[in-house]
Amino acid sequence: QAKEQFFPILSYRVGPYGANGQSLFGGMIDYLQYVNMKGGVNGVMMTWEECETEYNNAKGVECYERLKGKAGANSAPVFPLSTGISYALIDKSAADKIPLAMVGYGRTDAVDGSVFPFAFTMVGTYQMQATAIVKYLKDQNKGSLAGKKIAYMYHDSAYGKEPIVALEAEARVNKFELVQIPVAHPGNEQGAQWLKVRQERPDYVIFWGWGVMNQTALKAAQKVGFPREKMIGSWWAGSEEDTVPAGDAAKGYMSATWNVAGKDVPLVADIEKVVYGAGKGNLSDKGKLGSVLYNRGVSYGILAVEAIRKAQEKYGKGKTMSGEQIAWAMENLDLNDAKLKALGATGLLPPIKTSCEDHEGSGKIKLQQWDGTKWVVKTDWIDGNRQLVHPLFKASAAQFAKDKGITPRDCKKAM
Amino acid sequence: MLYREAGQFKASFAEDMQIFPIRQDRIAIGLLLAFAFFGVPLFASEYWFSAILIPFLIFALAALGLNILTGYCGQLSLGTAAFMAVGAYAAYNFQLRVEGIPILVSFVLAGFTAAAVGVLFGLPSLRIKGFYLAVATLAAQFFIVWVLTKFPWLSNNSSSGVISAQKIQILGFSFDTPVSKYLLVLGIVVVMALAAKNLARSGTGRAWMAVRDMDVAAQVIGIPLMHTKLTAFAVSSFYCGVAGALYAFCYLGSVEPDGFNLDLSFRILFMVIIGGVGTVLGSFLGAAFILLLPIFLDNTLLPTAHALGLPFSNATVSHIQFMVFGALIMFFLIVEPHGLARLWQITKEKLRLWPFPH
Amino acid sequence: MQFFFEALIGGLLSGVMYSLVALGFVLIYKASGVFNFAQGAMVFFAALTVVGFVGKGVPLPIAIVLAFGAMVLLGLATERFVLRKLVGQPPISLFMATIGLTFFIEGLAPMLWGDAVQPIELGIQDEPIPWLLERFDIVVSRFDLVASGIAAALVVVLAIFFQKTRIGRALRAVADDHQAALSIGIPLERIWAIVWAVAGFVALVAGLLWGSRNGVQFALTFTALKALPVLVLGGFDSVAGAIVGGLIIGASEKLAEIYLPPLMQAGFGGNFGGIEGWFPYVLALLFLLVRPEGLFGERHIDRV
Amino acid sequence: MSNAQPAPATERYLSVNNIEVIYDHVILVLKGVSLEVPKGRIVALLGANGAGKSTTLKAISNLLGAERGDVTKGSIEFAGTRIDRLTPAELVRRGVIQVMEGRHCFGHLTIEENLLTGAFTRNGSRKQLADKLDKVYTYFPRLKQRRTSQAGYTSGGEQQMCAIGRALMAEPEMILLDEPSMGLAPQIVEEIFEIVRDLNQKEGVSFLLAEQNTMVALRYAHFGYILESGRVVMEGDAETLRNNEDVKEFYLGLSSTGRKSFRDVKHYRRRKRWL
Amino acid sequence: MRLNELQQVGDAVAETAGRKIGDVILSLEHISLAFGGVKALTDISFDVREGEIRAIIGPNGAGKSSMLNVINGVYHPQEGRIVFHGRERRAMEPHKAARQGIARTFQNIALFKGMSVLDNLMTGRVTKMHHGLFAHMLGFGPGRREELAHRQKVEEVIDFLEIQHIRKTPVGRLPYGLQKRVELGRALAAEPSLLLLDEPMAGMNVEEKEDMCRFILDVNDQMGTTIVLIEHDMGVVMDISDRVVVLDYGKKIGDGVPAEVKANPDVIKAYLGAGH
């Protein structure tokens, strides 16, 4: 009987974000399959089960509870891929001692591991991303944004509102004017917002959209003649799913990303060869291989599998790890360049080193541009403004601890 | 054979007007309650509590609320989720801002807050009817959710608008396990369901139904339309508000305004329609059906597909689920437009006549 | 001031896009008294079918014809398996059935054609008309103009159809009383099949235009939400209402989104944008308080 | 009194054979009803409230579906073919039309539009349509006055005329008339029955009419059936029925001494002999 | 007209004289009502005395139902005034009219279809019930006791109308005639002082009409309820009413005791037809 590590996968493949889900979860599952085909993690095989959440909080909770039952104590990290669901699961996962991996989304103050031992806002938070984008713009403008006007157009939900604090702080520091333009869910009509852009005539639009809001924005920008080169999207507004439907209107559009698109990453090429070669691929539309979201899914897989590997190093190779053990590993992950290279993932995602104080572990982004057919990476890794952002997390986490009556761990002892 | 009322004579009107006039029904309900309170905690798993039983009860309560408005009073509403949101946020704020307030009091106040908002949005019903009103209630749906996102004070200035429900403590006992939460919710729901049943068979309920069936005639026989409709809005929203508070405190633990979206409103409306418009029982049957059906499909479709060797991807299975769900709703409406409760009633009638067909 | 006009024009034009979807609702409502919630899903289905065929290498015009065929089939099936069995049921049952239908279509469409978000290229550029931009600094999109033209044409044709033709009259009769319509020999089945086919056609047009605007994808179903306030404001059963309602909603919504939040900000502080979600509904509600059957809707007859 | 000709022996025209109707799967309403309408005849279907008259008519015209009713037994034939599975529209095309109890006009359509929809199954020329409309208007001048009013706002009697007129527009051969006199002023009742007779004699239209106003019905009908609790309890030609003691007492309100005053109605009831 | 019929009419009138008919309780003065262009009522005046049975007759569309609607406030006349129990007003509000003791039945039955017969009758007592929401919620206590007390009253009505067997049946399932009776019951349950009946006997056979007449007469006799009645069956009108108003095209063309009205040439021309 081979040892197994069970992944509860809360996926969404139907509904408004179904198209995004196809790529994301396709990538993640393909990677798990790939690991298995390469012999697993020290012989431990990855197994998984999907549960459709439809991006709906209540269904997400139901899925979690159901799959949790199947996982028992030995659950691989859960990726609740929706800010709403991740919020709903924070308490539960802590109680169940199941690591909650919110990679590039979710409750941002969970960066503070002393209050959130089982929640991991890994790789990057929206705030770090926003400040990194500001930094990029600053570089574009010879180091100063003074007197510039930047519009922040966002999905009017938790997702879009998180970065506002950081952007407002940046605006004060860098003396640019910040114009906030919220877009009501789902954002399939943005006439007014772009008229507002016409009225304000900002130098840049930082764009925090999701789903249909993205293509609509690109089309609307074209309609009012706003240059797409001056529009910089978040990493959830920078995938093929967003640009392709906008057609020509997307050309020149920039976006942030923490993972790189394309099949030229050796790992992705290898997955195509190994997994799809054996006919075991998860994607029904192979064209999505190497897309931004697919590669993001692969990155999720890497993070999870590497955490398991790390846990095994400490708690016993070739064994099934418990949720708690994996949580420890996720808190002590060190994916440096060498490791990434060994995985064939150089350049796919930034190096990551997490700790109890810092579940984020990176906070770096690249900027990419849509050339009409594909995303082209434009920059090297750009760091967010940690000094500005991380204290915000600390304060917010402290507040949470107070509300919930949690006594924060002492991170010094957490090792 | 067992289900007969023959031989049960009613000697007084009081007996005839009992909440469950047939003895077998009374026994069945008693057993059911006993089972729910004492039996279920013995062998249900945590999954059952957190993912099925608790949401079932909460949704049933919300459906009951909507049923009061739509089923009994005939005012179609698509804004249920928003009233739940009001309840959730109100309960949170009462807990947050009033020192030492007992949680149950918070729930009741949350209900009242929702009722007040409900009355406000019920005012147009005095002039607007039918689908026009339904669309008008969408105004409530969108507006309330917007207000909750836009006034940070309501979510204690959380940058995201998300609130995390406080701990539940009653008389020093804290309800933090799924079982205890289940019992709390069950208790509240049972009390409120009984109250609803009482209301429905009282003068208030009759006034509602009269307005539903024919408002001009109702007015002519002396039922004041305004008062009647507004009480329906108030009571309905009260129920939804409490359901919303329970949703936040006993089910999800943390909620965001967007969670109370139109989809949720529709789900609850489904429960009412599929369960049976204008019946208390229907709210429960409907909630069970709408909640369990997708879970059931989830658990059966994929294994079935695999067992049959069909090359279905997960996505396809999800799509089929959508289709089956939609088809079943249509199917039920066709088979019995009056919902599961009516099916149940017909079954009972047949049972009573059994073995004769008519 | 110039900006105000730009906003106004933009609003009016996008309002026409709402009308287009609302029109589908009106058709079915007028013809059967059914509030067809599935209209949004039909828009999605139609557009997806077009893109699906295009993706299989079928030229666009043929794909459109094929998609129309598919819509007719869908209409026939709906009539055959759902509506026919619900004759004489209260409107709310029929309404719920169409919600069921919505789910069904939302599952069926991507199952047939995949979930990928795809563009439709109709060959009409959605860019500012240059000379307007240069001369007056006003942005008016050519695409919007074309869309309005199409919508206007549809409205005229449908209005004539309903008021002047035998079938149109029969349709209105059916909406009033199913059973009586049956009793005088109006074949409900056929009538409904026709209406659903026409509604399918309207959905197809709406799907093409909206799809080429925002890409063809699941979110097209949300267009229904934009159409509802238009519908109540204009009156459920008025073709003209759909267009006037669309114009009013479109224009006021844009203007409100631009001019209201600053006012609210001044009043309460904070950031109050994003009112588009509710504003049309509240506006429609206010209108209804004055005219409970919408601007052009037929008065509800209740006599004793 | 009756100036109807004696019925010649005609072929079987409309015949209902032993039908049973159940509503809502449980409520058995017709318990085996058989009746016949020979061609060119007026047949009255009499009976107390709830006897099942309307149900019988709806079973014939196949309108039960909309009320969740079902014909579970028996057969219905018209002009030699079974019609129990035909759609109402097909029946109308074949000439069988029902005027429903309770008027059922299309409230939002004008009176004239109501009438025009009646001609839906007959695609004649514009001229023919106008002629038919004229004919109906000569039968019901009141309708002509109200032709542009929405039917929902006309009085009960006007709606009744509208409903009958609407059926006439379909050029039927066989009309199932359900309570045509209900709510009509006495003068109009006479008028309507005169119209019925006219249509019958001049155009050979057959009628099956369910009527409470037995007095009038038996004056115009050739033949009658009496329905009680879903069963035919008595049948015979109009003359016979009119002279039956029970019919006299219960349906015509005549006692042995002639018509009794409604003021003097006794507080007891005699059992009907046929029960 | 047959001789013995005339005889009976005469008897009825004579009998009327012996009954206790009191003062005018309702008087309508110069009422005019129009809907857009349609004049439903033009300058109509008449009165109703306490304890009498007052019939309104007239051809279809004459404005009879509209008249009732004016009396209990469903329609508000453009001109004229209404004096009820000495209080003068321009128009009534329906639910206030109900509280002042006006109850009615409708031409097209307006029962609450989704409710049982019993519940329909109970709604008739709404104006007499005082407990509110919270008392009702409990299911015991004063709300319940009130409910029981009223149930008692309603059962009396049920017994009176002989509809015990259908007490729990949803009214939608009842045949037409019984629905009419239930509707009468709902009006009676309110113990009105003025009862408006809009064609209570339409669609009934003679036997049922006889029953209905008996109920109406009993209500009138035993409870002293004043009744305003619209009816097309001349036999009924002539037999049971004390005075008759005749409307035609919204105008009053006759008013008086039945025999008088019946002989009025205008009435014969407009309404009765030559056959009578």
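Order as written gives the chain letters A, B, C, D and E; numbering starts at 1 within each chain.
We take it that a residue touches a chain if its C-beta (ideal position, glycine included) is under 8 Å from a C-beta of that chain, and two chains touch if they have at least 3 such contacts.
Remember, it's a predicted structure, so these values are computed and weren't measured experimentally.
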| item | value |
| --- | --- |
| Mutual neighbours - chains that touch chain B and chain D alike | C, E |
| Farthest-lying chain, centroid of Cα atoms versus that of chain D | A |
| Pair of chains joined by more contacts [C-beta pairs], D-E or C-D | D-E |
| Inter-centroid spacing, chain B versus chain A (mean Cα positions, whole Å) | 36 |
| Chain A and chain D, separation of their C-alpha mean positions in angstrom | 74 |
| Between chain E and chain C, distance of the C-alpha-averaged centres to the nearest whole Å | 48 |
| Sequence positions of chain A contacting 2 or more other chains | 13-14, 18, 22, 156, 184-185, 284 |
| Chain B, residues touching no fewer than two other chains | 146, 149, 216-217, 220, 315-316, 318-319, 321-322 |
| Multi-chain contact sites of chain D, meaning residues that touch two or more partners | 27, 153 |
| Chain B to chain C touching residues, read off their complex | 76, 124, 127-132, 134-136, 138-139, 141-143, 145-146, 149-152, 215-217, 220, 262, 266, 269-270, 273, 277, 315-316, 318-330, 333-334, 337 |
| Interface residues, chain D side, partner chain C - complex | 61, 63, 65-67, 87-93, 97-100, 104-109, 113-114, 116-118, 120-121, 123, 150, 152-153, 163, 166-167, 170 |
| Of chain C, residues touching chain A in the complex | 3, 6-7, 10-11, 14, 106-107, 110, 114-119, 121, 126-128, 133, 139, 141, 143-144, 213-220, 222-223, 226, 250, 253-254, 256-258, 271, 273-278 |
| Complex contacts: residues of chain D adjacent to chain B | 22, 24-28 |
| Interface residues, chain B side, partner chain A - complex | 45-47, 50-52, 55, 146, 149, 159-162, 164, 166-167, 251-256, 258-259, 261, 263-264, 294-295, 298, 313-319, 321-322 |
